[in-house]
Structures are given as C-alpha cells and as structure tokens.
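Shared between the two complexes below is subunit A, which has subunit B as its partner in the first and subunit C in the second.
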Partner chain A sequence: MENSKSQIIKVMSAVFEVPIESITETSSVDSIESWDSVKHLNLILALEEEFNISIPDEEVGNLMNYKLIEMIVNECRK
Partner chain B sequence: METLKYSEILQQNQLLKGIQKGAPYKISVLSNVTINSIKEIVEYSLRTNHINPSITLGNYDNIIQDSAKQTDADLVIVFFDMLNIVDSVAAFFENLNDEQYSNLKDKVCSEIDMILENLKHCPSVVFNTFSSAYFISNYSHKSKIETFVSELNRHLDERKSINVSLLNIDKIFSKIGIKQAIDYRMYNSSKAPYTLSFLKNYTAAVEPIIFRNTGRLKKAVIFDCDNTLWKGIIGEDGMDKIDMSGSSHAGHFYNKVQQIAVYLSRQGVIVGICSKNNEQDVNDVLLGHPDIILKDEYISIKKINWNDKAANLTAIASELNIGLDSIVFIDDSAFEINLIKEQLPEIVSLQVPSAIYEYPDFLLENIYRHFNFTLNSEDAKKTEIYKQQSERESDKKNHKSIDEYLSSLSISLTVSKDDLAQVSRIAQLTQKTNQFNLTTKRYTENQILNMMNSSTEHVFAVSVKDKFGDNGLTAVCIIKTDLQNKNVYCIDTFLMSCRIIGRNIEFVFMDYIMSWLNVKSPAAIVTAEYMPTNKNEQVQNFYISNGFTLMNEKEGTKAYSLELSKYQPKNITYIRTSFQGGKN
Partner chain C sequence: MKYNDIKIGDKEKLTHIITINDIEKFVELTGDDNKLHVDEKFASKTNFKKPVVHGMLGASFISTIIGTKLPGDGALWFSQSLDFLLPVRIGDKLTVVAEVIKKNDKEQIIELKTDIFNQNKQIVTRGFAKVKVVEFDTPVAATAEKIKAKERTALVIGGTGGIGRAACMQLAADGFNIIIHYHKNKKLADEIKADVEKLKRKAVIVKADILNDLEIKEMISKSLRASEYINVVVNCAAAVIPNIKFMDLEWSDFQKQLDLNIKAAFTIVKEILPVMIKNGYGKIINLGSFSVDKPNTEWASYITAKSALAGFTKAMAIELAPKGIRVNLVTPSLISTELTADIPEKIKLLTAAQTPLRRLASASDAAGAISFLASEKSDFITGENIRVNGGLIMI
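Now for the complex of A and B:
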C-alpha cells in the first residue's frame, strides 16, 4: 500500500496548498493550518475521485488525520 | 478539463497562480447551496486560457442579499437550485394544495425578479435554469414539481434582460447522468449537492460566455482535406475513390463534418482549407465531386500547396487580417497537429479522432466552446465580405496610387448614433476587435444599452459600403462627457473591424465626430487614450496623426488632448458620409 501513501499525500498537498514534503504520517487537522471545513469537503471529493471510491457518510467526519485517511481509503479499496 | 483529476487541477492551479498579469476578470458566484469547490476549477480554466481570475463566493443561501452588493463583478453566476427550494417546503411537494403551490410560486418568482433587478447593471450574468431532474417521478405523468419548474423557467425567460445568459443545467445532467452529477450524501451533510464531474462540466459550459466577454472567441476554422473533409487521399485514390457520401458506412461521418462546416460558414465563421496537395486536385473535388457539401462558395481562403502548414497558417492569418489565436485548425495527421502545437501554440489544433464515429460530435463540442452563435445579420454576410476583400486586394494592383484606388471604390459611410437596433452588433465589435482598437474596452450588450440611454454618453456607429459590396456595421466610437468638467469630452472607445482597415475610413469618421462635437460645444477639449495590447500596435500613433498632443504616458498607456477649435479636418472627398437613424 506504499502506492496509496504517496497518492494520498499528493492529494492532501494539492487540497491544502502546502508542499508535499510538509505532509507526514503524523499530519492532522491540528498541524495543517489551512484544513478547514471547506477544504475538508474538497479533500473528501478529491480522495474519492483519486481512488475511485465512495467514502461512507459516517466516516466523512472522521478523516481528521493522515493515519485515519490511509486506513479508510485502504478499507474502501478492498 | 473533464478528464483531469481534481487533485491535478488544484496542483496545476497553484502553479499557474500569479502568471497571468493584467486586470483580473472578476466573477461572483451566488448560490442557495454550498458550491465552494467550483472556485479552483473555474480559476484553473481561466488561467489556462490566459485570463487572470478573481472569484468570490457569495454567502450560503444569500442570493438576494448578495446580488444587491454586486458593483464591480464582470460576471455574476447564479445557482438558484431547486433542491433547496423544495427543502424549504415542509410538506411533500405533490401534496401541496393550490393555494400553497401558488404562494410558493409567487415567492420564488418575486425572488427571481429581485435578483434580476439587483443585477441589471452587471455586464454579464449567468443564471442557471431550474431543474426537476433530481426528483423521482413517474415516467408518463407530469408531477407537480415538474410543472412548477417549467413555470419558473418560463418566468425567468420572460423577465431576463439582455445581460443574462440562461444556462440549461438539464443539458449537463443528461450528458453525465444525474447520479454522476448530484451527491445526495454531501447535500445531506453539507448542502453541497454537486459532484466534481458536474462542476467540471459546468465550468466548460460557462467558458464560451467568458471567452465572449473577454474577446477570446475564435474567428476561423481551417480544415485539412484528405481524411479530414473526406475519407481517402485525393492525390492517390482519385476522384471516384475518395468518400464523403451521406449513405456510405465511413463517408457519412465526413459528410456530416462538411455539413457542420457549411453551418459554420452560414453563422459567419470563416471556413478555410490548408492542405498538402496539388491545388487542381482539391479544386476539382470542391467544384465537381458529386457528394461535395462544403462547396467552394462556403470557403473564404485556401492554401493548397506543399509548403509546411505552419507557414500556410501564418499566411492565412495575415491575409485575413486576423490573429493566430483566432484560428482553430483540424487535421488527421498527428505530425501536422504536433507541428502546429509546437510552432504556433496560439492556434487551437484538433486532431481528427481515430474512432471516426466520434468525429462530428468532437468537432461540434470544440466549436461550441470557441465560437459564439448569437447570429446577427453581419455575421451571415462574412464569407462574402472576406471574399470581396480578396477581390479588392487583387484590384489594388490595377491602380496606380492608393488614393486613386480608394476613390475608385466609391466608399460611402452611414453614421448612426445611439441606435438601439445596433446594440448587439456594437457590443460584439467591442468584444471581438483587437487590431484597430485604441482602448480595447470590452462591453456587453447591457453596458452599450446603458450608454445609449445616458445623456452624457454617446455611441456612434458606422456602416460601410463600396462598389464591391456592403461591409455592414464595422466602426464604433464612444464619447463620454467628463462629469467634473462638462466642457471636456473623452473618446472612450474608437475601433474599426479589420475588414475595413487601410481605406482612410478612420479619418472620415474622426472628422464626423469632431464636427458633431463642434456643433454641440465649439470650445470643448477632447481627450483620448491609447492603451497598448499585443495586437493594437498599428494604431499607437493614431491620435498624433489626428493632431492630438501627448499629455502623459503611464505603463504604456498614452493620454492625449486636443482643443476642438484647433482640429484640422482631413476632408477626404472620395468617401461620402451620411447620417441615419438613432437620436442625434
């Protein structure tokens, strides 16, 4: 799943408008300043399009850090 | 753009940020739903088309309040979505009784009226039509909600003023499917109904309106011949083997493409040919092939030779007196398309799809993106006008001096002022004229209309005729009175279509304007400006040659002034001028 890691980081970097290098496994809503509710919506849409998945409604609000995003994305891709 | 992923759009958009200079094109998006994701997509679209965007999103469900605040937007986009209108009704829509139904209709109609009233001075408004596509309905029975939507759309259509373009979102829904267009999950959680796919398609649908408003529409479509206008190679297969028959398996796609080309020509688009062939071979087909649809009479220009296509397309642009960025080029060869993309990137180059059944639709899609078909009578005459132009060019060689030549043309001008019947053509000229245009200010129909109705602004237009034919309305001058000093008149706009350049018409027109001002206010001061663009270099000394004095120069913009009493008319005798129509 290394592949999904770099793809997720690419998407997060594009949505939050921060350099790719600044996003790590510990990145979260607390460490990325531009991560607001509008950007969060854009993040969900971008991830779904990127991986051709549909993130369940109840998970949308949970994806608040890199680790959880990776977990849910991989879950949805199974 | 529809094929680009959102993350890639965001990434590219970041990279393009700040590259486009110049005054930003200001767009306001007003909506009764959440639509934030549209911002970057529209920004990206504009930036790739060399427009510097500035996009503001209104507050959620605040269309009426926000519409009252629009003072400086170049374009306002209104998403007044049925989803949220229906949600505002507690009851199941089909259960509404007649009174509830008509109350709701009156409420929404009066809201539409208020929005239109608030936006009536905006240069351009895109108002989405109302749709019932979201709502489950019986296939054979018209539901209450469907009736409601058609009544709203009728109301909208009746009330809209000329600055409003209605964008039919049902067409996008039927193109991509409602399930691909609407995300009920996000609507439920964030009132954000539109998918990325919808927003990308929507942006593509708005593009032609923005291109029109910013003077970026194309003017000519140039076709290759072999395997582009017909199947086969005329030089090898010969007249009876090439195929463009409406009834053959492969030929009918080419037949359709030729019909599209004829349609374009009738709409005033310049249709031309650029082909590596023996000229005689191609002319034989155009004049004599039994299945030919795109006959010679529809074609304004032909370059059929063995020179490279970049040189030929450059020659076409210069002979037609249009910019390379006004041209769309279609060819089946990847080699030629890549050559043009590399050497003349301003040209939009399209390669005929390898799946031939996609070809006509592919062509149409690109055409609708780059051309604007609000047909007016000028456009329909264009093919003829460009043909006359080349006749005039060859006639030029038979005359000794240019003055002798010009006087032999029997040119006559008809000047009109504030003629409401000309609003559409005048707006179009301000949007499309690049070369002989002193200030390159783009105006919408609504702005022209407001100027015509104003007592301090005067819109002059000139129609030009000569012995070869009628060039139609081809020159515009807008004069504004200085509001601080009633004795000062400013030439806001002075432009001429490229098809009448080189005939001293500009001097006759200037004489006319000055004599009109002289009657009004003989002691007036006239001010004028030259604002440089990539294309209007040829007029940089226009005001000097009319006796104006350069007052100052700032970032290339030159400001001029002239005491009206000192103006020396050119008194060109071989051009006749008359005044007709409008108010004087």
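Now for the complex of A and C:
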C-alpha cells in the first residue's frame, strides 16, 4: 500500500507539474492550483498506465483529492 | 378579533340542528314550558299543528356567533332587535349568519345584521345587533414574555444520539434547562445530565420507546412535572438507516420508518401542544434528511418518511402559528455519528470532497441551527427548513 502511495504521489507530481514533496494526503483540487479539467484527464490516463487499470467512467469525477484517488485506484486493482 | 381588524362586510356563520334535547334543556334552564313548545297534542289543536321551537332558543346562537367569532373574545353585546318571521320545528337545520354593516370608530362599536335561515334557505328570524369591541392585550405576546422571563426548558427527544447530545449541550449553554429523552442508553443519558448540570442548568432524564404511544404519554407527563414551561421540543430521534434494494422492500419497512419519523412526532406534538397553547409560545424543531433533496439508492423507506416529516412540519407550522407555536426543520448533510457508522468511508470522503465547504457536517453544526431556532432570534420563522450542508445542496 505504501508503494501505491508513492506511485500516486509521483503521478500527481508529474501530471500537475509540482514538486513531489508538495503532494500530501490532504492534497486536493483546492490545494493544487494547476489541477484543471485537462490535467484531470491526464491524471486519469497516467494512473491507468501506472497501475495498469481501467478507471470506470462513473469514478472519473470522484478523483477529487489524494485520499479518494488512493481509494479508487486500490478498488480498481482488486 | 380586534376592532381595527374588523371590516364592513365581514361575515361569519354557524349551523345547528334543533333536537328535542335542545328544547328540554331550554325549558329546564328558563322554565318556559309553554305547551305550544312542548306538548304535541296541544300544538296539534293550533294553527301550527306541531310544536314550535322557542324563538329565543334559535336566537341564542346569535350570542355564540358574536361571542366566539365576530368579533369573538372581548365582545360586549349591548343591543339586539329580533323579528321571528317563521316557526322553527324540531329537526330544522338553522344557519345563523352575522354580517358587519356599520362601524363606529370613535366608540369602537360594530353593527351587525343577524339573520337565521332554515334548511330551505327561508329566513326565520331577522335582527340587528350592536356590539362594543373591548380592547385586550394579545395573550400570546404577554405569555411569551412571561415565559422568556422565567426558566426556559427544552425537551430533546433522542438526546443521547450524536445530534441530540450536541443539541442538549448547546441549548444548556444558551440558558435552557434540559429534559433528556433516551431509550436504551441510560449511562450516556446520566453522563449528559451531569454535563448539563456543570453548566448550572437543571437536567432531567426521561425514558421512552417512542414507538409506543403510552410510553410517550408517560414521558411527556413526567417532563411536565419537571417543568411546566417546556417551550422547545427538539425531535432528534433516529434509528440506523437500513439499505434495502427496492425490489426487496416490504411495506413493513416503510411502516417502521413512518412510525419512527411521523407517528412518534405526531404523538409527541399532540401531547405537548396543550401546554404550549396554554403558554401561547412554543418551538418545535424536527430533524430532516439531506437525502430528501439529494436522494440515494436503497433508502426509499427512510427518504419517504423524512419527506413526510418535511410536509408534516409545514402543515403544523401553518396551523399552529396563530397560537404562537413555531415549527421548523433542521436538515444537516452527512454527519459522522453512530447512525451513519455503516456508510462506506468512500461515500463520506466523496461527500466531503463534493461539499463546497469541503468537509462533512458535524453534530455541533446541526446544534447551532437548533440553537437559533430555539431562541427568540428566530421568533418570526416558522415552516422553514434550515439546510446545514456546507453548500452541498442549494435550493
């Protein structure tokens, strides 16, 4: 699980173009200024590629903060 | 009615069917046992053929209409003319109509046309009345002031639940004495009682299964022995919300929720109302559910019952407002309490993330709205629903 945490942070850092150390468990669409609709789609694609998963359409809009991303990624990996 | 509220053309009416019992009571009261009224044989030998009802018996209902409706309390009836135009018989349905035809502002006197009709719309008695409208203080405001000056008491139904406990503590901090209702958790009720007492307020605990009408009656009776000035009732009672797919629902599932949310609220209000009406002041605060505005699946029975409670709140509000009783709803969004313990963490995270203020509601958020509705600051608010949801639902 710790591994997936660092992977998610790495993906978020790359997609949003912010330093890795700035991403925390409380990071969200409110705290990352560069998190816009285009970057959100890039985030989905990057997470699917990183974890080799397919994120269902109904979950796309739910990836609103780190905790939800982690929860949904882990659900998709099951 | 107050003089200034009465307009020329204002009309009131009442109906009454004359029975033999009415005649007997009238004879007993007045001693007028004229055979034309009470003796069928005697009456048969007259032009009337059948007994005739005392004219003043029918006319006495003019007193009822003046004393209770137009103008009602404060009426000083000092003049009445009467012409008895047609005989009235036992079994006749009389309609007494009073209409304001003149006003004397200087003396605060109204003149009324007072006519009595039978079931065939024939006028049987014609008359005119003069009534002075005596000024009086509005009892509602006077009593409300008295209550505000005295000790205020709030009865919190479901006082040991998450919101109930927060409501007890907030209202105690606001200066209310608290009657804490519980069903099973006496230990927690005692704990809350002690916390309230630390705030130098009186606290009493009352036990009841609110699905049992008799227990509700006993609870209210015990509460009233503790304080005759219960002017706030907060209805926080709740049970764990069952997740049932629609195809698996039985009517009994709905019944359980309706009993808890509507029948219990109905019985509690019915029991407490006479006291609030007597005091001329009261606040009833019900707890709604955000799922009425933003429904989710598998909660059909709960959503239906909470929707009914929202309607019930408005219906009570409009009917009880003239008696000085305000009825409102507080609708918090998802709160992390024992009640919502079974809701998946993901739903809670999503709800918080979708809420513009970016968190779940807390029991103290709901208690804040309850505190406002219980206070005199909200005395002009009734039939309202305060949504405590961080902007999640805006209507």
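Keep this in mind: the second predicted complex is superposed on the first by the 78 of 78 C-alpha atoms of A that agree within 3 Å, B and C clash if a C-alpha of one lies under 4 Å from a C-alpha of the other, contacts with A are read in each partner's own complex, and residues count from 1 in each chain.
Everything below uses one rule, namely that contacts are C-beta pairs under 8 Å (C-beta built on N, C-alpha and C of every residue); 3 or more make two chains touch, one makes a residue touch a chain.
Being a predicted model, the structure only gives us computed values, none of them experimental.
Chemist: Answer with clash or fit: subunit B and subunit C placed together on subunit A by superposition.
Modeler: fit
Chemist: Check whether A:K5 is in contact with subunit B, with subunit C, with both or with neither, and answer first, second, both or neither.
Modeler: neither
Chemist: Touching A:M71 in the superposition: subunit B (first), subunit C (second), both, neither?
Modeler: The answer is second: A:M71 touches subunit C but not subunit B.
Chemist: Could you say whether A:V60 touches subunit B, subunit C, both of them, or neither, answering first, second, both or neither?
Modeler: In the superposition, A:V60 contacts subunit B only.
Chemist: Just checking: does A:D30 make contact with subunit B only, subunit C only, both, or neither of them? Give me first, second, both or neither.
Modeler: Once the two structures are laid over each other on A, A:D30 reaches subunit C alone.
Chemist: Identify which of subunit B and subunit C touches the larger number of residues of subunit A.
Modeler: Comparing touch counts on subunit A for subunit B and subunit C gives B.
Chemist: Angle at the Cα centre of subunit A spanned by the Cα centres of subunit C and subunit B: state it in steps of 10 degrees.
Modeler: 140
Chemist: Thinking of the overlay built on chain A, is A:L41 touched by subunit B (first), by subunit C (second), by both, or by neither?
Modeler: In the superposed model, A:L41 contacts subunit B only, not subunit C.
Chemist: Which value, in Å, gives the least CA distance between subunit B and subunit C in the superposed three-chain arrangement?
Modeler: Scanning every C-alpha pair, the shortest subunit B to subunit C distance is 19 Å.
Chemist: Which parts of subunit A are touched by subunit B and by subunit C alike?
Modeler: none
Chemist: In the complex, go through subunit B and note every residue touching subunit A.
Modeler: Result: residues 5-8, 10-11, 14, 34, 36-37, 40, 185-186, 188-190, 192, 195-196 of subunit B touch subunit A.
Chemist: Going by the contact rule at the top, pick out the subunit A residues touching subunit C in the complex.
Modeler: Within the complex, subunit A contacts subunit C at residues 28-30, 62, 64-65, 67-68, 71-72, 75.
Chemist: Which stretch or stretches of subunit A touch subunit B in the complex?
Modeler: Residues 10-11, 13-15, 17, 37-38, 41-42, 44-46, 49-50, 57, 60-61 of subunit A touch subunit B in their complex.
Chemist: How about subunit C: which of its residues touch subunit A in the complex?
Modeler: 345-346, 349-350, 353-354, 358
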